[in-house]
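The two complexes that follow have chain A in common; it is paired with chain B in the first and with chain C in the second.
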Partner chain A sequence: MPRKVAVIGVGNTQAVSAFSETREISQIAFSAIYAATKMAKVSMHDIDITFFCTVDGFEGTNRLDRTMNSFGQSSHNPVVMVNTGGTGGASGFKEAYHYVASGFCDVAMVYGNSTGASVVNGQQILNTASPPLFEKPFGIGALQMAAFYATRYMHEYGATEEDFALAAAKNHKAAAKNPYAHFRKGYSFEQILASPMIGWPLRRYEICPISSCASAIILASEERAKELSDTPVWIMAVGSITDTFQTGYRDYIGFKQLRTLSEKLYRATGINNPLKEIDVAELFNPFSPFELWEYEALGFCDEGKGSQLIRDGVTDIDGELPVNMSGGTLCTNAGISASLNRIGDVALQLMGKFEGIQVRSPRIGLAHAWGGNLGQFNSIAILAR
Partner chain B sequence: MSRMKVAVAGYATMGYQGEGHARADELIFNVTSAALEKSRITRDDIDAVVIATEDVNDGITISNGLLVPAAGAYNRDSVRIETGGVFSLVSACASIMSGQAKCVVVSSADAVKYDPVSISNKSYDPYFQRPLGVNHIVSSAMLSALYMHKHHATENDFALLSAMNYGLAVKNPYAHIKKGYSPEEVLNSPIVSWPLHLYDISPISFGASSIVLVSEDKATSISDNPVWISGYGMGSEPYFADWDDLVKMPGLTYAAKSAYKMACIENPKKEIGAIEVCNLVSPLELMEYEALGFCDVGSGIDMLRRGKYSEEGNLPVNLSGGVLCTNGLNSSGLFRTIYMLMYLRNELPSLACKSNKVLISDSDFHLGFPGGNQGVLILERRT
Partner chain C sequence: MGNIMKKEYSWKLDYSVSVGDVYTRFYEGLKEKKILANKCAQCNRVYVPPRPFCDICFVEPLEWIEVNPTGIIQTYTITYFKFENLPDPPYVTAVIKIDNSATSLMHFIGGIQYNEPNELSEKVKIGMRVEPVWSDERTGDILDIKYFRPSK
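Right after this comes the complex of A and B.
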């Protein structure tokens, strides 16, 4: 039987624009790690293993983990580098869960690096993640990844630009109250619709910024968690799923593989009605329409009904299932840190320690991450208080 | 018997050479298919895929996107570990032992040609060491010189060690450098960075390897006597460390102790029959013997001179010819593990197995020494 594993510490740092970042990268790491260890009531000596998550290309260097002494790495605290693109933080979390659940170690740390401030143009680097012969020459970057899906969604289900703006407004409103968020202007529905069109149907305020911040999470075995924490958050299930590299095989209607993964994890955790049973969720939404497809893939509503959910306010703070009360990736996207932020923010909500819009007494939370070439990878973590 | 919950179901390597002739995803598809065929399980049985590569070695960003589908990851769990082959195998073990998977494929390939000196230099800190032009060869040479100074080793000793590896690589059908250089030839090769001669330094090799791991219940249904992964451990070195500390390789010592504990090995000198160490340059072998606990600190030279580590000695080292003769920067750890699997299963015509426990150590020292990561794996076959 695998051991029970809990999140006992979460550390975030203040996000700023990657273009105005003045902190050194080790300094950002230290802030996140210090906050996480403080909450977990552990010292660096208590940490058995660290998972360092980033994408080398976005760092403008190679194997950054080796030079950053922020992890207290020493013979007894090995550092494992995990790189799966945008889902990197979630992949590191999954690895840490495996290591603790398997009995290899008792306390593990996952660190999601800030990846926006090191290179001049991340889009050129991201383009090299596309299939080199057919897709890369088209210049595909992050924007296209969202726009392809968004236009097909509008065509298939009659979603409108207003729906995407509504989803964005919900996130901006939440981010305004999150002290760690990057975009905290609280843009209204009208302001979003009036913002410049960047790539139809996506407007400026429906697209995430390039942020600089980092996050760290401490996981512990049941015994250590009970010893160290008054508010352990238990990991019910963690998983990821892989799509094709070539995107020509996809039809761009929703996130089908995310649906497959969610159904698998719901079966494993006995969740029959996710909308009712899950109390808080953080979904990976670097572009506002993402949320709608994710509602559907995660079983919060039927296919094509994501727009209705946002129109009815079901996923706002007063709704049945508050989603992205942090402001989501839409308002803070520091690359690999963003996928770990989703898990950390859900854990904080379940602990009752979220600094922003705290959901009232949530019991079960879901965190999602998306990444790779046009969403080749999806990850989910289901946590419980 | 130690706790044994992860077994090797299959493995395959395509062998290594000095030029790449195919894309990495094609290589991974070929070796993974061969490993699955050997394991007598199908793609449908795969629960997860671990890829052991680094983006820079693959020449693209998020290169696991290209590689994982070729290893059977479509619709399945996958991850990419950048810290080497042994770390990747440990990741697969953790997912099996945590009950999250029953069958995990671990694959890796080296297909892209690049400048290893430049890539190594980019892994150094941008403020203090990178501008000095430090790289994996220079840092290895500094460490070797320090070892010479501390333990009275000579260039002749290093040449003897190199020649021992070259001699063994000749018998390895999958090795890259099969020239069988003598100690004299090694000593006569040009100095690259004192005290390292050209033939004391590993080449860059191209090829691919794949290993399929399964849980205990699945293993017993596939094979009567599989090879088990009975222990593993990992350690890292701080980046801003004292070189005196680096020469002792405390990360490797910690990794080995963790692995011995897991495998219930009390006396590695007696219980382990063969080892594969990560000798990117030949002097590293001596430091690793000591760090792994096979001899006292500083006595590696004496043991070497007495022939203890030769093929006929008490503890044969690097029967594959080691990293010195076959150096796939991504896949070296998997390749040398596969050679030890072949050894344990008596599949090598020129090499009879004399033990039931072997050790493989792996590191990312191809980037240089400061901040390196060390992994140790113990394979065991019931007698």
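Right after this comes the complex of A and C.
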């Protein structure tokens, strides 16, 4: 029987453009980890294990030694590397949960690095995520992968460019109030539609920036959490699912693997009506239409009806289920940090400590992350106050 | 203190991988302007490109067949922005299902008017039938097909 595990500390750093970053990467790590340990009221010596999440290639050092200076060294803790592409932070969180729930450790830390802060041309690495023999040669980066789904979604359900812009506008509006966000200009629906087409049917402001920031989360066993925290956030369930590497199997109609995963976790947590029972969610949306497909895969609405939730304000601050009140990955994407931020932001919302648009007294929250070659990995964490 | 300094370094790695007997046969077929596929004896799924094993049934080997090289566009995107080390825009990349394949293939779409870039999204359609345009010099590579074009 797994032990109860709580999130007791979350640390974030201010996001900036990766191109104008002036902090050295271990300084960024230090800021995030320091903030998380302060909130958790632990020292580095209290941490039994650290999960370091990043993507090979982005930092130019395979063992990521530069950043490792910032944790674990003085306390001689084991450091475990986790790499599932963009999902990395959420995968690291899942592993940390397993270690604490199993009783092997009492306090674990997950660190999501500022993946974009070093590499000159990140698209080159994203392109290497594609199967090299058959897919890499065709000008495919993360954007094109997202656009394949978007084009097909328009074809299947009659979704429009306006639907994607509405989803983007909701995020930009929220990010403008989030002191940690990168894009904080609050671009309007009209400004988004007037922004240049980058990869049909996606426009510049419907595509995430390359940000630099980092985040850390500290998890603890029930006993330690009650001792250390007045606002522990309990982990109800964490899960992940894997799709094929070769994307030829995808039909590009919705996020089917995510649907399978969500149904499994809802069964495990006894959630019957996610839209009503979940109070706050952070969904991984580096491209604005992702949020719509995630609503559908997570059972918030029927297939093809995602944009109706946005039009009706259901997922805005005054709606039934506020989603991405951080501004989402769309407005801040520092790579791995972005997948961990989803969980961190939900935890902060449940603690009542979110510094942007704080949802009123949420009890249950859901965080989602997506990554690898074209959604090869999906991860969900369901948390409760 | 003056401006924060930047330092450059790089990580250049080259790779050479064996493609194995299955992909070698597929590439040899491309040299002859043939699209070779394989078929799982257990579930009858046809794979283009061929698979070393059926990863749904998890069995090998698969039976070889030559397929009709025309395909149907499943979805597509048009890249308008110049990304370093990716092709010059605009270009159309499509996901194409060849003949009766269980999986799709990615490739460029050509043989359409590129001189009005903003109208490209009208020139390509999901469900459109396309055929390969072969390169004159074929080396046994997926790019032996220069691109797919709308079939007559």
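To be clear about the criterion, the second predicted complex is superposed on the first by the 379 of 385 C-alpha atoms of A that agree within 3 Å, B and C clash if a C-alpha of one lies under 4 Å from a C-alpha of the other, contacts with A are read in each partner's own complex, and residues count from 1 in each chain.
The rule is simple: contacts are C-beta pairs under 8 Å (C-beta built on N, C-alpha and C of every residue); 3 or more make two chains touch, one makes a residue touch a chain.
Fair warning: this is a prediction, and the values are worked out from it, not measured in the lab.
Engineer: Which chain, chain B or chain C, ends up touching more residues of chain A in the combined arrangement?
Structural biologist: Higher number of touched chain A residues: B.
Engineer: Determine, under the contact definition given at the top, whether A:57 touches first (chain B), second (chain C), both, or neither.
Structural biologist: A:57 sits against chain B and chain C alike.
Engineer: Looking at A:197, would you say it contacts chain B, chain C, both, or neither? Reply first, second, both or neither.
Structural biologist: A:197 contacts chain C only, not chain B.
Engineer: Touching A:77 in the superposition: chain B (first), chain C (second), both, neither?
Structural biologist: The answer is first: A:77 touches chain B but not chain C.
Engineer: Return first, second, both or neither, reflecting whether A:94 touches chain B, chain C, both chains, or no partner chain.
Structural biologist: A:94: touches chain B, not chain C.
Engineer: Pick one for A:244: touches chain B only (first), chain C only (second), both, or neither.
Structural biologist: Touch partners of A:244: chain B and chain C.
Engineer: Looking at the overlay, does A:134 come into contact with chain B only (first), chain C only (second), both, or neither?
Structural biologist: A:134 contacts chain C only, not chain B.
Engineer: Jot down the residues of chain A that show up as touching in both complexes, chain B in one and chain C in the other.
Structural biologist: Overlap of chain B and chain C footprints on chain A: residues 57, 61, 132, 244.
Engineer: Where on chain A is chain C touching in the complex?
Structural biologist: Contacts found on chain A: 22, 57, 60-61, 120-121, 123-124, 127, 132-135, 137-141, 143-144, 147-152, 155, 196-201, 244, 246-252.
Engineer: Over in the complex, which chain B residues touch chain A? Could you list them?
Structural biologist: Touching chain A from chain B are residues 25, 49, 54-56, 60-66, 68-69, 73-83, 87, 91, 93-100, 119, 122-126, 234-240, 250-251, 253-255, 364, 367, 370-374.
Engineer: Residues of chain C touching chain A in their complex?
Structural biologist: Residues 4, 8-11, 15, 17, 19, 23, 49, 55, 74-81, 83-87, 91, 93, 95, 101-108, 118, 120-121, 126, 142-143.
Engineer: Show which residues of chain A lie in contact with chain B when the two form their complex.
Structural biologist: 1-3, 49, 55-58, 61-63, 65-69, 73-85, 91, 94-95, 97-99, 101-104, 125-126, 128-129, 131-132, 238-245, 257, 260, 371-373, 376-377
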